[in-house]
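Just below sit the structures, each encoded as structure tokens.
You will see subunit A twice below: alongside subunit B first, and alongside subunit C after that.
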Partner chain A sequence: MLEKGHVKEIIKSPYLLLVPALLFYLIFWFVPVATSLYESFTTISGKVGLNNFILVLQDSLFLDAFVNTLIFALLSLLLQFALALGIAVLVNQNFKGSKLFLFVILIPMALPPSAIGILWNTGLVESGWINSFLATSGIQNVLEALGILKGPTLWKAVSGLEAVMTLIIIDTWTVMPSVMIIILAGLQNFNEEYKEAAQIFGATKWQAFRDVVIPIIKPSIVTALLLRLISGLQVWLIGVMLFGFNNVPFLVERIVYYTDKVRTATNSYKMANAYSIFTLGHVFTVAFLFLRVTKDKKEGAK
Partner chain B sequence: MSYLKLENVKKVYNNKVTAVDNFNLEIEKGEFIAFLGPSGCGKTTTLRMIAGLESVTHGDITLEGKSIVGLTPRERGISMIFQSYAVWPHMTVYENVAYALKLRKLKKADIDEVVQDVAKTTDIVQYLNRYPSQLSGGQRQRVAVARAIAVKPKLFLMDEPLSNLDAKLRVSMRTDLKRIHQNVKSTSIFVTHDQSEALSLADRIVVMNHGVIEQIGTANEIYHESETMFIAKFIGSPASNFFVVNVILEDGEVYLVHDDFKVQFNGQEKDVLIKNYLDKSVVLSIRPENFTVNKGGFIKAKAKIIEPQGSHIIINTDIGGEEIKIVSDLLELESGENILLGFNDKVLLFDSETEKRIK
Partner chain C sequence: MENILKKTILYLVIVFISLSVLIPLSYLVTISFSSQIEVNDYPKKMLPSLYHNIAIKWDAENQNYIVMRENNEGIFKELYISSKYDKIRDYMKTQLNIDMTTERIEKDFNVAKDTGEIVEYKYYKSFFNNYIKFFTVFSGAEKALINSIKAALITILISMSIGGAVGYALARTSIKKKEAIRIGSLIVRMFPMVSISVPMAVLLVRYGLFDSMLGLAIVYSIPNIGLTAAITRSIFIGVSKEYEEASLVFGATEAQTFRKITFPLVLPAFAASSMYAFITAWNDTAVSLLLTNKNETLALLIYKSIGGASSIHYAASGAIVLILPALVFTFLLKNYITQMWG
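Up next is the complex of A and B:
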């Protein structure tokens, strides 16, 4: 039996305050992951092994999904970073109308993914708003006269890398603002005197930006890019909404496909779990590498 | 020919707010100049125009005879210490000092020589491999100084460099700055709102208010021969005391008449008073230490509050409804005592309308 003093100690213990959060993680995080791990390493008959992972590797779309995911994550990261940094610097100049400009730029952030899918679906079809914009603005005629285009473009009739590129552009339109807003926050906390000091001591505007501004706001940039990288690796919905399952395979698209679409075979459920674990490892590895590359050389210093 | 010259310099923001107007100043090589004034008086704006961080709306700035208006900061050959020090947090102390030299494409060995040299001058040798976040405010300040003198600038600009330090450090840093200035003989401009910094550091002080220069002069000139009432009020702690007095002529002698006293005036301004100010009111300004207490005076008053300062006391009294502060060495005086006040001849007279000195 516990002594009275001991009970008091437990109640007073700070660890008690962690219990709600701990319970939450146990139920909503640890249980699913553990289940997934268990499912992925066991066959239907209960045999433990790598069977499911072999099935995943034998999936004819696995390699495509893997490559597409990597290309998508890395290219969209680069594109979004360049654009976001440029726009953040521009907005930070505080020019006349910069507040309105910021507001307009942020609109895509407010749209739910399915709305974005519908918006772009209606744009990319043959008689969609993209083609009608090109036609009414006269750009279509110019491009046709130059021999670049022949008739209305069939945006959705693309596959492979081209389809991935289309998705990268749409993804960039959607999430670039969220990257931009984090970098902008970094810029707005930035003490202008650091930059002015660089210029006084002989730096051009560009050198001051490269040598002083970027390194000082780097924590914001790394945070924004890490978040983007992880969600880039988890892309699937926009691809499925525009091109359907199996056409532009991604790793998470495979998970959804085998969980939702192919219900008949119990194997497919196991495969989905194996895909999940694989993706988990994949995200961990890439995020780890990213953090290693962007790590500050100064150790221990704040 | 002067080393640095500002001619009719004017700064207008957004076509409406005039921050600096009609600024004329000539500085000799090696001089230590302070821009002194309350916040918002345009002193930092003027400094930033010299640095090239702020454009010049009108007028010209020449350094060594050549106009520097329109040059970028890096083309001006200047260095600057910022209020926040602006020591780059992602570089070590060594890298901070070496950055400007690297941009000038100096050889590594030469850079090292300069860095070690200025580190010795500013006493930061043992911190060269640390990051600014591992240093105290005073040490960071030294790094900023080291970085600024490493480039051997034509002009050394300082924007309130001591305002972020605690009181004790501020005084010792002040002495250090003066010592460094004497060692490197750089031409320096120091912006501050703290009069004791300006008075103790500068060869000449430029007192500014509302974007214009009130007076340029040495510490003594500014304190004892203040050109405007603003300066008499702004400089000195406690500040000068003012009395509105009438000027009258009796039997060929000039008298200054106040409700509580009447005193004959024999100063050098006597003739001007007779010529322009008879039967008019002027403002009499008396520095707190220029009063005499209980030494045959002519103003009866009561010591209301006594503030002991160790070496002297500050007597707060009331004359004609005005609060008057007097510095005295009568350390035994107690509050509530009646005192008899007089004043010596180091008084200033101001025109009550223009607030300019009568001389």
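Up next is the complex of A and C:
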């Protein structure tokens, strides 16, 4: 039997506020994750081992999916970072109309992924808006005169690396603003006096930017980049909406393919699981790096 | 001189970047307002047209009307041949988005018959035709819209109640392991939802939640509870405890203090995290693809509509319907955006 005072103490305990969250994550997060791990190491007949992973390695599209995912994540990261940094510096100059400019360039990051799919699908088809724009603006004529193009381009008739590059450009169009806005927030918190001090001591504008501004806004850059890397590793939707399943394989595309498209095949469930664990491994390596970096940042501040 | 050159280059770059965002969107909006005929036009127009220029010729030999339309190059092209007014009306409605009564067509077309000359008319399009059509042509579009709203509202409810409590505990109580909670919530938030979809489906089937909006909302809440906790935590810390103490000193009860002092002060944070929850649920395609069967969300419906090439203009108007709320909420949230990264 608990004493009356004791009961009251438990009811008033601040840990009770955490109980719903803990229960929620236990049931709806921990259980599926643990199941996923367990399932990926057991075969349908119940044998424990790496069989599922061997199945994945034998999947004819595994290597393509793996390479495509890495190329996509790294190249889109580089491209987005370069553009985002440039544009953030530009917006931060507070020129006339910079507020309006910021508003315009932030639009793409607000668009739902499936709407992005429709947008670029209407663009990439042969009589789509990309070719229409090239034709009406006269760019098509210039390119044809230079011998670069012959007639309307078939944007969707690409495969392999070309298709991945197309997706990288579309992804950059979509998410560059979300990297930019984090860098911009870093720049806006930055105290201009540091830069002025550097310039007084004889640093050029570029030197001040490289040696003073960049190191100070580095934490926001690192955060932005690692988060982009994590989402970059999870690309699938835009690839499937533009090129269909199997044509431009990615790791997560494989998960969705095996979960949704081949519900009937016996092995597909195990395949989806093993692909999931494989992808998780990726993402957590990156997440681990992220935590390491944020920790360093704090220790550095001490 | 050098300054002017620099400024010109700066503004050229700005215009170029702005156009590369606006031109694709402008085309999407135009396609969403296009009639079937305009969808097949090439090159396409960048801005939506409000009307069609239609020319009518009476073919006395075959006793038929010849309907012509001025295309983007300014040339009248033959579209349709018929002598029946109601057939012409149907054609105008489905192919050109022009909504006219048979009587009006009879009156207008008779001019061509009586004079024997080509008559030109400017007919305005029924502007929102595709948007109305989207909800009728795509079976279940209306239901999908309701489903999306439902899933978003339940997500808000779950994340607010559970996440808000954690945020309060982190900010106002002396619980231990706060750092562990923060890192834990970060890991959960970075976790790719797709990768647990398989066991999640099994789990939801077991609880009878597969193919339901509650089931989807639970999955959407996984990252959002942590996010809500982070946002509300920072606000609860920001709201000075002294206000509450002052209120208590002046004789208000604890409930009154919460209602009249604390709650209004933390309301913006709850609004911001509700909007995040809304966006997560509203934008998601992957989870609803894997965890629903018949009960689609709007985003999923749009994803699936990509296959039908002949109805791309309806899909485009659906995409615009999907975009608008997401756009509004994202811009309302602009100032909170750095919070998202923990």
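Annotations for the structure displayed:
Assume the second predicted complex is superposed on the first by the 268 of 302 C-alpha atoms of A that agree within 3 Å, B and C clash if a C-alpha of one lies under 4 Å from a C-alpha of the other, contacts with A are read in each partner's own complex, and residues count from 1 in each chain.
Quick note on the criterion: a contact is a pair of C-beta atoms (placed from the backbone, for glycine too) under 8 Å apart; a residue touches a chain by one contact, two chains touch by 3 or more.
Everything numeric here is computed off the predicted structure, so don't read it as measured data.
With subunit A as the common reference, the superposed partners subunit B and subunit C fit together side by side. Within the superposed three-chain model, A:N131 lies in touch with subunit C and out of touch with subunit B [touch as defined at top].
Residue contacts after overlaying the shared chain place A:S114 against subunit C, while subunit B stays out of touching range. In the superposed model, A:F201 makes contact with subunit B only, not with subunit C.
In the superposed model, A:K12 makes contact with neither subunit B nor subunit C. In the superposition on chain A, A:R292 makes contact with neither subunit B nor subunit C. Once the two complexes are laid over each other on the shared chain, residue contacts for A:F95 go to subunit C alone; subunit B is not touched.
When the two structures are aligned on the shared chain, A:I87 is found in touch with subunit C, with no touch to subunit B. Once the two structures are overlaid, the count of subunit A residues touched is higher for C than for its counterpart among subunit B and subunit C. Fitting both structures onto chain A leaves subunit B and subunit C with a minimum C-alpha separation of 13 Å.
Overlap of the subunit B and subunit C contact sets on subunit A: empty, with no shared residue.
Residues 10, 13-14, 17-18, 20-25, 27-28, 31, 40-46, 158, 161-163, 165-166, 168-169, 172-175, 181, 183, 186-188, 190-192, 194-203, 218-219, 221-222, 225, 229, 282-283, 285-286, 289-290, 299-300, 302-303, 305-306, 309, 312, 315-316, 318-320, 322-323, 326-327, 329-331, 334, 337-338, 341 of subunit C are the ones that touch subunit A when the two sit in their complex.
Contact residues of subunit B toward subunit A in the complex are 51-53, 72-74, 78-80, 82-84, 86, 88-90, 92, 99-100, 103-104, 130-131, 133-134, 147, 151. Remark: subunit A residues 14-15, 17-18, 20-21, 24-25, 28-29, 31-33, 35-36, 39, 87, 90, 95, 97, 101, 103-115, 117-123, 125, 127-129, 131-133, 135-136, 173, 178, 181-182, 185, 220, 223-224, 227, 230, 233-234, 236-237, 241, 252, 255-256, 259-260, 269, 272-273, 275-277, 279-280, 283, 287, 290-291 touch subunit C in the complex. Of all the residues in subunit A, the ones that touch subunit B in their complex are 191, 193-194, 196-204, 207, 211-212, 215-216, 218, 296, 298, 301-302.
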